[in-house]
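My questions will all concern the structure given below.
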Amino acid sequence: MYRSPTALKTKLALIASTLLAPVSSVFASDGVVLKSNDLVGISFWFISMALVASTVFFFMESLRMAGKWRTSVVASGLVTLVAAVHYFYMRDVWVATGSTPTVYRYIDWIITVPLLMAEFYLILSAITKVPGGVFWRLMIGTIAMLVFGFAGEAGLLNVTVAFILSMLGWIYIIYEVFAGEASKISASKATPGVQSAFKTMRLIVTFGWAIYPIGYVLGYLVGNDPTASANSLNLIYNLADVVNKIGFGLIIWAVASRETEASTGK
Amino acid sequence: MYRSPTALKTKLALIASTLLAPVSSVFASDGVVLKSNDLVGISFWFISMALVASTVFFFMESLRMAGKWRTSVVASGLVTLVAAVHYFYMRDVWVATGSTPTVYRYIDWIITVPLLMAEFYLILSAITKVPGGVFWRLMIGTIAMLVFGFAGEAGLLNVTVAFILSMLGWIYIIYEVFAGEASKISASKATPGVQSAFKTMRLIVTFGWAIYPIGYVLGYLVGNDPTASANSLNLIYNLADVVNKIGFGLIIWAVASRETEASTGK
Amino acid sequence: MYRSPTALKTKLALIASTLLAPVSSVFASDGVVLKSNDLVGISFWFISMALVASTVFFFMESLRMAGKWRTSVVASGLVTLVAAVHYFYMRDVWVATGSTPTVYRYIDWIITVPLLMAEFYLILSAITKVPGGVFWRLMIGTIAMLVFGFAGEAGLLNVTVAFILSMLGWIYIIYEVFAGEASKISASKATPGVQSAFKTMRLIVTFGWAIYPIGYVLGYLVGNDPTASANSLNLIYNLADVVNKIGFGLIIWAVASRETEASTGK
Amino acid sequence: MYRSPTALKTKLALIASTLLAPVSSVFASDGVVLKSNDLVGISFWFISMALVASTVFFFMESLRMAGKWRTSVVASGLVTLVAAVHYFYMRDVWVATGSTPTVYRYIDWIITVPLLMAEFYLILSAITKVPGGVFWRLMIGTIAMLVFGFAGEAGLLNVTVAFILSMLGWIYIIYEVFAGEASKISASKATPGVQSAFKTMRLIVTFGWAIYPIGYVLGYLVGNDPTASANSLNLIYNLADVVNKIGFGLIIWAVASRETEASTGK
Amino acid sequence: MYRSPTALKTKLALIASTLLAPVSSVFASDGVVLKSNDLVGISFWFISMALVASTVFFFMESLRMAGKWRTSVVASGLVTLVAAVHYFYMRDVWVATGSTPTVYRYIDWIITVPLLMAEFYLILSAITKVPGGVFWRLMIGTIAMLVFGFAGEAGLLNVTVAFILSMLGWIYIIYEVFAGEASKISASKATPGVQSAFKTMRLIVTFGWAIYPIGYVLGYLVGNDPTASANSLNLIYNLADVVNKIGFGLIIWAVASRETEASTGK
């Protein structure tokens, strides 16, 4: 299986450096510790640890939520859990190769983005009966957005065509939460607290998520030098995920906490 | 124990590459990262992470379920837990050898499939008294299906004979849930929600599980080139398990959630 | 500390192969994956994973049990937890050396067997006041059985003498649960469900545990070739532990579940 | 990727020694075990283990707290959890390089210090309605303190200017909790127990936190030999964190416990 | 950092053997498995696993305890958790160097012994109001005992002087629980169950803890050959900790269980 000792050594070095990357990111290639001005590295550290803390927070806090509100907070914890695992891997790859393969972000998104969209359905379901169609339309828009985006990156589709189709999926989601049935249920049946959370969440989906197609355009359509912009792109993605994953989850936690107290008098 | 340094190195390389495979799958044999168009590798990543998230979800959510419904949801979590561990191992072997040894899928099945069949019994038991015979008949059919299937693969029995005996086990299970005592109890005593879940679950057992004997036929009876079809077979198996393990568990979670709210008014 | 590179390499190889054995058991000595007909290896895999799943099951389910029944189910989870850890080690040693050193089974037994005996006391205590003497007599018999058995294996006592003394400990336990105070309390004060569990548990202690002295006799007294029978002995031990540890725990779980529902109306 | 075997070896050695540092700190550079008079090493061991124990304690205890008090105790556990992870890394770096890179303490602080400040808001929110402005003013002061402090260390700002701006953030926090709205809410609406906790917490923020700017001054402004003082500085920081993180958390746990008992009669 | 390959190899070997010691303790220096008559090694295995099982038991069981009794049982779990981690490290060092450096036992003691003393305060607080002075006097005596003991070992104080001062701390604790305020509160206000537990706990502090100064005298004052007695001393310490940590915790668990049932009728 391993033809030459050299190949083996190279393989082992690659494996070891990847496995140990959470640690070795401390040591730059010249063996010195993480520099205080390596902002990308620090942002990877920060988001990884913040995701771990958020995950524990959401799971622990879910235990005091009433009924279906608990499910919403557990889902917030699943988003940060899956993201935390992928961020540890991405930090590894970033250290070993100097760039983050977008494939990891896609595997993360294929799990976390549907969970985030499901939250719109879950918080409405916690207070009223919501038709299943709302859930499935949000899912279809989300999956279209992800699958066409990925198809463009993977070269299975023309990148411009893929980009447009992916954007249509995103626009469909935005339509649903701003003017579709989900929006109407929120406006007519939700408590003021849930309505407020619903509004903030759809702002995040609109403006917070805009960071990802912008990155896609910069990386694939405009034709920038990807090496040069990799650092700043990673920094922006990492900080965007603080809002889009942790902040999004905290909004749900806050409304779940408020509604639980209102319904149980505790 | 280790006669020569070469043997030792080979052994260590094999061990290391296997242990580190969850990481090294990022690196193809030529040292580049997971390609965006390696759909089999991505499907292994996706199912592994989705199983981890499902396991956490089922265990966290089980805590808010009433009485025996909790047991059903815990059992769903056990299925995804055991599958998650085996999928991490299978991804390892897939990377190290380029094919997934079916022995891992069998060890997974020998634990998860009886758990899945037990769910039919558990959800009926949560609402009414169910004779133990229903449980044991489902178990016997399941174990026959698995043991004969394995005996065929392991060469302990003629593959065609083993296939037929295994199919009989499966058909017996299908009979029990469509026309046997389990089916009758569901039809006569279950709430509409439980009946609906029962019906969806037996459709999964019929059509979702059909993927496994089809794989068996392609691999052992028809005589296809196994190397050529290994990739597509793994892709199909991985996606099938999303339905057969995670989807199956979500049906149980949904009915447990609905029935818990109905019975406790929460 | 390490005089020569060779000694070091040998040491490291031993350590590495042991540590990595859960993985490397996949690879036989010639570097191929676990063969589908290596039933001993498959049984080690199966029991390890089944113990992990059982442990999670007992701990999760304990949370819905009332009062002292919870303690019984937690104790079942401790038995499978301790056994799971030791089985992972034993699988390691089995791979590295081709035989399972009985010392591991003894360390496992010295913790799990008293826990199993304590279950007789715990399930009776959950329904009535039980004199502490019952607990201590069961412990004394258990510890005598284990200590003399171990003394024989370790060469601290003549094997035949040790065997007889160890058997006396076992017979004393069997006497206590069939005709002693524990048995009388069960017959006079326990509910039908507890009585039934008590009876099944003592059958396991009688017939399920008989597998261990039979192994002792075959290995130490009869003088069989230990290498030849190691494989079949391990296979028998592994399958026996499915009944003696997981099955035993499931009986306690079932009665705890039934009694909890009876007492709380849930 | 790895041009020479020497570079590879050096890299691997660095990685290995870092990864294994929790263990290897036992062995000084000459291969002997941790000396009984290496107080810095012992303090790293002690604080790491004490943080682990505190984290488990806060999470377990949070489960018996009523309503919002639970959130306060969970937040205490998050502080010690994040600190524990970073302390394990810092111990590693301390062993590998003989000094603790302040960058780790900053990543720790950017997560834990806002959490500590949020506790002032959380304990007041547990008993009365608190304007969101209190929360945001505490956050702004905290983040100014951290960001300017870091900018000075990283050379992004003149160290003296950065120091002054950072101090202003700290003074603003102290003003808020001693004379601002938070202080007034505590004085007018809090129970005696909460008032007492509030007072002790602000003393810790004033005097306990003073240790960090003192270290900053010694390290960056006064111009001491950093190598000579690194040991004593680490010892002081480690012991300060026992008070500032574990002690701070215990105050919140104590008041949460008292108020829970008062409100539930348990 | 690593001047020569030899130094690197030695370092790595030391690190690896330490990290892997939980496993490698199976293999004696000549590469054979743990011998059945190596009682010290077996006692290290046994106490490590027993501490893990105890920790899980105390945490799981704490969840069914009422109010402050839960805190007492959680504290028992913290004692065994911290001890378990240190025992895994000590087993490592014992394997790598053939002796257990007392520094580990001291780091363990500095966390676990105050927790054990706090239990006297916690079980009294669970049933009545106890002045804070009781807590602080127990802490002061405990810390004096530990700090002076350590100062003697570390050569910071004359060993005889340190021994006497340490003994005074211990005697002060014993006075407090036999004749001081803690004792009086127990005698006048505690239920019979708590009084009985209190009495057993102080017997453990008196006689069970006597093992540690005896070891100190043998090792430092009498002048025995430390190498010769290291084995027996470790065996005695390991078995003593079964009583002083696990047994002590079980007494608290038993009284917490009894009092919880008495107060809640469950």
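By letter and in written order, the chains are A, B, C, D and E; residue numbering begins at 1 in each of them.
Everything below uses one rule, namely that a residue touches a chain if its C-beta (ideal position, glycine included) is under 8 Å from a C-beta of that chain, and two chains touch if they have at least 3 such contacts.
Here the structure is a predicted model, which is why all the values come from computation and not from measurement.
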{"item": "Intercentroid distance (Cα basis), subunit E paired with subunit D, Å", "value": "28"}
{"item": "Gap in Å, rounded to a whole number, between the CA centres of subunit D and subunit C", "value": "45"}
{"item": "Multi-partner residues of subunit A (each touching 2 or more other chains)", "value": "1, 10, 14, 16, 31, 63"}
{"item": "Chain contact topology (line, ring, star, complete or other)", "value": "ring"}
{"item": "Order around the closed ring of chains, commencing at subunit B, then subunit C", "value": "B, C, E, D, A"}
{"item": "Complex contacts: residues of subunit E adjacent to subunit D", "value": "1-2, 5, 8, 10-12, 14-16, 18-19, 59, 62-63, 66-68, 70-71, 74-75, 77-78, 81-82, 85-86, 89, 92-93, 97, 101-103, 106-107, 110-111, 150, 153-156"}
{"item": "Subunit C-facing residues of subunit E, complex", "value": "9-10, 13-14, 16-17, 20, 23-24, 26-27, 31, 33-37, 42, 45-46, 49-50, 52-53, 56-57, 60-61, 63-64, 96, 257, 261, 266"}
